[in-house]
């Protein structure tokens, strides 16, 4: 008997402030259309640099949510 | 010349019985809407435990299928 | 403040000619429906062999593009 | 504010029957003394062979549980 | 000649605020009973999500400390 | 002083029933000609799918056995 | 029931022209004596350099083929 | 035709405050002498602990910049 | 039926002489209190350097032993 | 007795044509100032995409050469 | 044009003395029948322990040699 | 506030005697020009073989030292 299937997608969030904020931005965007988000695993963190300064923190996430058959 | 493009998605199937059953559940759910499924690679196996007992076997799969342009 | 969220999908392109061509085929297929493709990372390369001859070069790619909320 | 610390230990369970049974055996042993077991991730699976026959299925698990300060 | 043996354990700390705070919580809990903590390596970072919002930052750490023979 | 050299080969076993059975099939085939098989480590598990159904469980194994100089 | 056992060997092909050609050379050599070659996965690519110039492209492949019991 | 060669170096930045600050410190130091810094990938995060307290956050970065031939 | 559960712990041994000696030191320390040690896998080797000289060889080991329920 | 020390640096070469050309460009740039280049291992391959088209093939290389003390 | 194909096999050597000796034993055994051995990469090191003492150092090697078509 | 930035370089040391000696040779060479060397992590060990005999032990190291801005 199945107890539910989850799908995992990979998103990259971005922020001028911190990696926590970058991750939160990606989750906020995803939660507008995806239901039952559970966990986001961090796969990579990086920094974008311009003119010798850090301009963005980026977090690559694996985000799991309830799989919808129509998807 | 292209001989076809495939897409790979990541699903987590679950079962109270076995990892084979967990994987089959994920494939059964996916096959309702995706055409030309070929191979599912196991990426992770885990166990959910409640009150000291195994209550679910879970299998995280990479599932490949024919890429549809409208997707 | 968010500076945009990207999504990463995994595609396998194929070609009778070369891995560059296999990758280009996957990108060409994806670009018909996805906007703002940026980078495709090669995750795996392999060869399909029939009767002792290489019949296809395949490239598995992680392709990043602007995340659309309706998706 | 902390919302709880978990510890992860690594166990190898064994069974003459299946990897599911090997994992269950390790969980059963651990649950005699550890409280609040949550998840067991499979790290490795192997087989012990004697005289050309499989005599044991073994599963190496990362098992998480509530961290007790006295431990 | 030995110059000391260290043990490494794996802990998961949690926080509603940040990954730094999650790591500090795990270290604070461990330091109540373990002596001579030196370094904590981050093995994984993830996020717990409820109703579309990040409710916890979690950090999985490998924590090294002086090995006590009685342990 | 040497205490014996072992060789490790990589085999893929297959079964319509389970991954345990797939692994046992590979071991049974190998044990017809190789002496002193010891351990088989699972390197990958996957599933072959046809018409939306799982038709084979496959297990990729690293199989170690006593190295024979004539080999 | 077994549906066939495959063996995987590791070869390094080499070419002055390209990695595709290096892989093809390894497959051509292997296909003289091995039957039922199916897939070659690329494990590593490298370059040999002499006097500041690339003199060879090399591809390390995992090549799978039908396992023969006499082998 | 070449469109520019980049070099990647590995730095470890340190901070008493956060991993973001540790990364920014490493970038600030590097940007005094290196031109055209683009991206810094986080390879490892760790914590230095003294007397049971976190005293430094450290971030190991792979930092890419325009390759200068004289270097 | 279970055929015994093993636990794996991670230790770092150290020596001024060699990595073999570092590993032996860790095993010697562990064997004072742990029963039925079987195998120690090397996870990492490193060197401590002072004033331009190697002052210690260190070996990080995964050490498996019979799991005791009271532990 | 030492038989020579080598250094390994990481470069990213780029080309509009192929990954072989990208790698050759990086080697050509490096060979202007570094002596005794031996081997370049491919660490990553990727593609830069603009307006749905591949505009650059990039190869990240680990390049080994004779270590000069003044460096 | 091909410039030669190499094969890579995996051996585990063993010694009561050191990992260097374990590796040399495996190479010595292999060199009795294989021609043109070039390089042996260390894949894993471990220790066998009996009654709390190290009784064997083992080295798992990937050994490359000239591929013979009859093989 | 920064508490110092470190750089990590990759060296390959070589010796006819042992891996410890190979590592020491690389450290000795590096310490002639680099200040404040701290730790060298072993990334790979291999063996060079000629006429069936081991002729060199090689150790690939990641060596960390105080980052100098002029570098």
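Should a chain be cited, it is by its letter among A, B, C, D, E, F, G, H, I, J, K and L, assigned in written order, with residues numbered from 1 in that chain.
To be clear about the criterion, a contact is a pair of C-beta atoms (placed from the backbone, for glycine too) under 8 Å apart; a residue touches a chain by one contact, two chains touch by 3 or more.
In this text, all values refer to a predicted model and were calculated from it rather than measured experimentally.
Repeating the F-G interface, with the same residue numbers in over half of the contact pairs, is the pair F-K out of C-J, F-K or D-F. Chain centres here are Cα means. That of subunit J falls 30 Å from that of subunit K. Here the CA centre of subunit H is 21 Å from the CA centre of subunit J. One finds 44 Å separating the Cα centroids of subunit F and subunit H. Annotation: 38 Å between the Cα-based centres of subunit A and subunit F.
Annotation for subunit C: residues touching 2 or more other chains are 9, 18-19, 28, 45. Applying the touch definition to every pair of chains gives A-B, A-C, A-E, A-H, B-C, B-D, B-F, C-G, C-J, D-E, D-F, D-I, E-H, E-I, F-G, F-K, G-J, G-K, H-J, H-L, I-K, I-L, J-L, K-L. Across the interface of their complex, subunit J is touched by residues 18-19, 44-49, 52-54, 57 of subunit G.
Contact residues on subunit F toward subunit D in their complex (touch as defined above): 18-20, 23-24, 27-28, 31, 37-42, 45, 61. If you check the complex, the residues on subunit K that touch subunit G are 1-9, 62, 64, 67, 69-71. Note for the complex: subunit J touches subunit H at residues 9-17, 25-26, 28-30, 32-33, 56, 60.
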